[in-house]
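Residue numbering begins at 1 within each chain, and the chains themselves are lettered A, B, C, D, E and F in the order written.
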Amino acid sequence: MYYYKEELINIIQPDKPDPAAAKVLQETLGGQFGEMRTMMQYFFQSSNFRGPGKAFRDLLRGVFLEEIAHVELVQNTINQLLNDSGLSAPGNAGTDAAPLDEAIKHANPHHYIMGAKSSLPVDAAGNPWNGSWVYSHGNLVADMLNNVILESTGVLQKTRIYEMSSNQTFRETLGFLIVRDNAHQNAFAKALETLGVNWAKIFPVPNYDIHKYPECRKYVDLGYHNAQFNFRLDETRIAEIFQGESPSRSSGQLSVTPPPKGFPVPQLPEMPNEHSPGLSDLSR
Amino acid sequence: MYYYKEELINIIQPDKPDPAAAKVLQETLGGQFGEMRTMMQYFFQSSNFRGPGKAFRDLLRGVFLEEIAHVELVQNTINQLLNDSGLSAPGNAGTDAAPLDEAIKHANPHHYIMGAKSSLPVDAAGNPWNGSWVYSHGNLVADMLNNVILESTGVLQKTRIYEMSSNQTFRETLGFLIVRDNAHQNAFAKALETLGVNWAKIFPVPNYDIHKYPECRKYVDLGYHNAQFNFRLDETRIAEIFQGESPSRSSGQLSVTPPPKGFPVPQLPEMPNEHSPGLSDLSR
Amino acid sequence: MYYYKEELINIIQPDKPDPAAAKVLQETLGGQFGEMRTMMQYFFQSSNFRGPGKAFRDLLRGVFLEEIAHVELVQNTINQLLNDSGLSAPGNAGTDAAPLDEAIKHANPHHYIMGAKSSLPVDAAGNPWNGSWVYSHGNLVADMLNNVILESTGVLQKTRIYEMSSNQTFRETLGFLIVRDNAHQNAFAKALETLGVNWAKIFPVPNYDIHKYPECRKYVDLGYHNAQFNFRLDETRIAEIFQGESPSRSSGQLSVTPPPKGFPVPQLPEMPNEHSPGLSDLSR
Amino acid sequence: MYYYKEELINIIQPDKPDPAAAKVLQETLGGQFGEMRTMMQYFFQSSNFRGPGKAFRDLLRGVFLEEIAHVELVQNTINQLLNDSGLSAPGNAGTDAAPLDEAIKHANPHHYIMGAKSSLPVDAAGNPWNGSWVYSHGNLVADMLNNVILESTGVLQKTRIYEMSSNQTFRETLGFLIVRDNAHQNAFAKALETLGVNWAKIFPVPNYDIHKYPECRKYVDLGYHNAQFNFRLDETRIAEIFQGESPSRSSGQLSVTPPPKGFPVPQLPEMPNEHSPGLSDLSR
Amino acid sequence: MYYYKEELINIIQPDKPDPAAAKVLQETLGGQFGEMRTMMQYFFQSSNFRGPGKAFRDLLRGVFLEEIAHVELVQNTINQLLNDSGLSAPGNAGTDAAPLDEAIKHANPHHYIMGAKSSLPVDAAGNPWNGSWVYSHGNLVADMLNNVILESTGVLQKTRIYEMSSNQTFRETLGFLIVRDNAHQNAFAKALETLGVNWAKIFPVPNYDIHKYPECRKYVDLGYHNAQFNFRLDETRIAEIFQGESPSRSSGQLSVTPPPKGFPVPQLPEMPNEHSPGLSDLSR
Amino acid sequence: MYYYKEELINIIQPDKPDPAAAKVLQETLGGQFGEMRTMMQYFFQSSNFRGPGKAFRDLLRGVFLEEIAHVELVQNTINQLLNDSGLSAPGNAGTDAAPLDEAIKHANPHHYIMGAKSSLPVDAAGNPWNGSWVYSHGNLVADMLNNVILESTGVLQKTRIYEMSSNQTFRETLGFLIVRDNAHQNAFAKALETLGVNWAKIFPVPNYDIHKYPECRKYVDLGYHNAQFNFRLDETRIAEIFQGESPSRSSGQLSVTPPPKGFPVPQLPEMPNEHSPGLSDLSR
């Protein structure tokens, strides 16, 4: 069973609204290599796990737990990027104002239609998240290889998305996730090392220098690229795998640690023009 | 952030394998009104919440938390229904045995192809789960109405699926979920009552007598149809809404309670013929 | 604007329930070459029509109108094939009866889950109807050629589906629609004849002998393969195109006629075990 | 069977071309809560209806009939918004002109590729309409609740889309449909009132003031928010439900009335550069 | 079996990067009437062919072989249009540069996320290519008619896409393909002529004058609109069908010829900022 | 450009019709890890290739070329499994025969509706092939890792599908493809070895003993698991990678060899009852 404390795993850095950034960041939420995919993939792999290799199962479950928090972080980031976008003069004021006319120019129009300027389970091109992207092969080596490449692609795409806006709300979340994907890449690469593989120098994929991203550097200094956060309220055997020298060129010692101190979940303001939450008239 | 204790929210009742039952039970996992949908819908609604109505937000988050455990319960139920189905003589023994020939006759063949006899994010007709099914309208009344109908449809479909097999693994899980959907129907119906709606006698939908299902009765006796399980490690204001007389004909007092004591997560055996987990040769 | 008289365009012939037949007949409703596709394709082509060729526009609209009635006919046929399938002892009677256990063996399980044994907007393989199948090319010749091939494929598939069951409910509807698709094939082939094309002997596609289908013969005797039913309450110029010698080997004179006398729309019985319609407890 | 008179249910107000407005208005046509969805949902619910509640069935069928006319209205509105967009100098004039270069910048490129600047069965993000969105639960209460929320979401989305352009072609259609969705929300809310529900003040959803939309006001003055247009050529029992005091805060008496006098269906000009309709060379 | 020589079927004309053109040209690659569709449709039709009509089968196979080369040509054209788009200052240089900020404004963001500025199996609206678009009806007349309309729609859409940019990389490829689609339209139209059809003057569809497109003219002068390129290493009987007078108004004699001399396949430069190909650090 | 000789890459072994085997074999054709996916994935990766690593590009292109022949092999195998299934008495003989009634019981009904008992671009659950499954990451290490896991999953699934029937038409094709997937797994694993990776004993995935499959053994004896067939008509640099000791436990030396001698492409008989090819009446 799953328990919750209302805290985000990282900070939502304030900056201006940026609907174009919100649109592309959807890839990180609902895209084929986004957080919903990783969350559901590790959920299915851990529930479908066969055999006595409990350390491997605990590893899958451990990463799954963090991915739920990642989904929540990206949802909140997108909401922050959309909040206050558009003008404030509502069309139903009796004038001909069209306050969203400009806002949607480079936006996903569904951000303004389906909800009240808020996140959606879709990718950067507007395609809905699809269950066929979840791989649970039922073969441990195949699953671990698949997870390594999934985390690698996750970082690769995030470093590309990062180039699309210098908005700080956008980049802070990407910087944090890039470092954490690095840690998860290490986790699954290490799992295959325990089966004998020697990765030489191919990791990290992509061959970026994580220290060059200003938003990543502070997390690297905290050792987040080599840490596995532990969200278990009972015992876990992750450390039987996640330990020793990092399998990546970035080097360092892997270790299981408590999660970061939490950050406040933002409270989004009401938006009467968007009829959200839509309660005001009910108390008349 | 999300924490976990390795316990199922209900028991996996042992019975014979039943691939046809596993196929239809996928609706409850990856169908349009299944547990993945409810889980993701309340996740998005709570992250996208606007305005100061924290009791409503806590209600959404509270039900979301339980839905994660429901997903896990159905995954494990499907795995149990598939486990040991098919004969044991493998084709690669050099004979012409085809041990899955009969097993797939009324099964979803993907249960035997994609993984090692295990659950998938698809529905009873084999269609993958789709993000466009998640509604987060950004209007509190619309969201609550939508959630009432989602829970109602959830029960309605489960009572129909229940008729498709008398397998006890299958029915125990359905019985538990029928009672819990009833509680969640009450939760969202009550939320609308706090805004003034009087539901008269239309609930529960469907108009079933929950006492007549043998698998449901014990949960009704425990009061599960009127209880909201609390998975929060911090404060929650659910009880400002989930309290007082039930909005349904079944009557009773609503109350927030701790979750059930947990049940063991089954450990599935290895399946060498399915190459799962596939580690045996690696230690040569 | 659209007007309605509660009459079916053909009779629902009584026979035994046949869920396997209902499953394959879904192709004729929600398949890529089914009645929903033809209905929506001609709807979009007539609304998107450009230029002064009103006789062509009226032809598109005329066939569109009949297709709405075809959709309704197939919905009712599927409902009839599903009605009364399965046993009557409900699981919630406190016994372990599973009355749908056998019924779903060769059925689309969604017929028993999504609704109360009733039709769905999906095809014979359970895939939902998809808007990308609708072609409205905005070029009259391309649209007419596409419609000829759409109607040809419609007949071709129906003659194959016809081989899948000898149930009379199933075959009566297919027989009627085969003859009508023949008429619509003639309509679009004739439209291209007015632009100069000479089809020689290639029509009808497929090269079947419509007289050999017992269910078709009576409609051929009525001349339905050469008739365009007129559902317009105002003037139509269809007859400028739909006239003269048939473009098919079956020969005969094309003519615009009133629709058939209507047939009663069946009233489906209540199904308390399926909670349909689900009103009985509301009057307590 | 279905009959037709070539008249639109509302006027197409002339204004300048606006491809960006056409793109977002697609949501109202082919989106998950658009007119194609409502049309097909009520079509399936009325054909799949069980039991003797003919007044309910007539209500479903009555709204269905109007929705066909709504689909036609939105198709024509989109066509008007696209017509004449782009420059007139064709690329095949031997120059290097690219007359659509600017037009597609904020447009759905499929509007210019699939047809000759005309409407498509897709939503505002370009996703095709999907049959899985149609709900026909086979339980009257569930269906009525679902329809209430469908109409509520329909209005909610239209009030948001309305903010995206002040183009009069666009807003006139939206204004009319907002008022009509209000009437249909009343219809299904009233149907549940007849089963005992008291809605207090939660309707209309969203909590807008319909009088503040200049384009809506004239339709409110005509009483269109409390009227059910009758498109039946035979008897209907809608008025057994659709009568008495409105279930919404807007108040007023519900009544069944004849449809509006019709408006002309625009005749779109030929577009030789788009090869539409493509007949000119055939008469050489 | 299939053999390859590393040569493109036409030249990649150099011009400036143009991401908006790359986005719309995706329709020609992964759209419903694009080269992937034609390639797969003729592949399935030739493998599924029944009966002794080997000349027809060879015709299908012959066009299929050319379509593989067309897919490769469009992939390379899109890559050329994307290459060098965006600024060169990478975000990971420690500055706040966002070099893709402008590039994605009118682009498909997936061009910059999924790969390193390269082609995708999607259409102009970002929808993935879908197998349900492939028609293999198993009836020769139906298949030939379908192929005529597929090639006609292919040209029609390309003439519209052509209007969207005057970029020479873009137009050279479109010009070549327009002429080749014309030849394939002739091929399938001629196949139906051998069965007796007389097309009068309806072809080519659309009714364009191919000589007016500057990029087409040189290919028309080479006779490419009336030529079938032969990619067979063994005998083919195409010429039994593809011979004699063209079925189109453009007239001329049809003939089977060797393929064009090949053109170099461009070698795309590395993009270290996009981590492509990603080998540089591996040699440390 | 692509050239063809009408020869299959392996033999179609004769055996009885088996529609249930045809249904599950569709996974190998149109499934997420089937031959259409591998074919298109390597096609896109080779066209989108960046940088001077021509040996890697030639490797991708080399495997791509073989995959086209694999698609053709599976199409022909499915056709053989479907051919002659069903009874021969047609329904249009004036009797009530329904010759497909039994045939479709465990079949994909689309095999009998869409074409004349022939292959489709869909998977074993009837879902159409989808372009979003093609990965072309634009990072060489990520692409090679992805290809290793794709080939591993390909074999894994084929060994499971193999258990579903002992039909020799079915198993011969699977046996051949299992061995070839093994070779391609070796190819991509070796490519990563050239970058320094040491795989220890994890390959082959799955951990099967290829010698135990009777249908595989003869191909292993021919060395097909360590051979790369060369389909290039010009130079290729594959052998710079594909050489030396196999990266798998099965050991042996890798080498580039000519393709197998070809096998005849079956000529399917006419099926008049299925209107295929449908020419007989045209010569009257």
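Operating definition for what follows: a contact is a pair of C-beta atoms (placed from the backbone, for glycine too) under 8 Å apart; a residue touches a chain by one contact, two chains touch by 3 or more.
All figures in this text were calculated on a predicted structure; none of them were measured in a lab.
Path length between chain B and chain D in the touching-chain graph (shortest route): 1. Under the contact definition, chain A and chain F share the contacting chains B, E.
When every chain is reduced to the mean of its CA atoms, the largest separation from chain D belongs to F. Using the average of C-alpha coordinates as each chain's centre, B ends up farthest from chain E.
With centres set at the average Cα position, the gap from chain A to chain D is 37 Å. Here the CA centre of chain A is 25 Å from the CA centre of chain B.
The set of chain A residues that touch two or more partner chains comprises 114, 122, 126-128, 130, 132, 137, 139, 141-142, 156, 195-196, 200-202, 205-207, 274-275, 278-279, 282.
Across the assembly, chains come into contact as A-B, A-D, A-E, A-F, B-C, B-D, B-F, C-D, C-E, C-F, D-E, E-F. Touching chain D in their complex are the following residues of chain B: 32, 127, 130, 132-133, 135, 137, 139, 141-142, 145-146, 148-149, 152-153, 156, 192, 195-202, 205-207. Taken together, the chain E residues at the contact with chain F in this complex read 1-9, 30, 36, 40, 43-44, 47-53, 56, 61, 65, 68-69, 71-72, 75-76, 79, 114-122, 128-132, 134, 136-142, 195-196, 231-234, 259, 262, 267-271, 274-279, 282.
For chain F in complex with chain C, the residues that touch the partner chain are 86, 90-94, 96-101, 104-105, 108-110, 112-114, 122, 126-128, 273-275, 278-282, 284. Against chain A, in their complex, chain D makes its touches with residues 20, 23-24, 27, 31, 106, 123-127, 156-157, 159-166, 200-202, 205-209, 212-214, 249.
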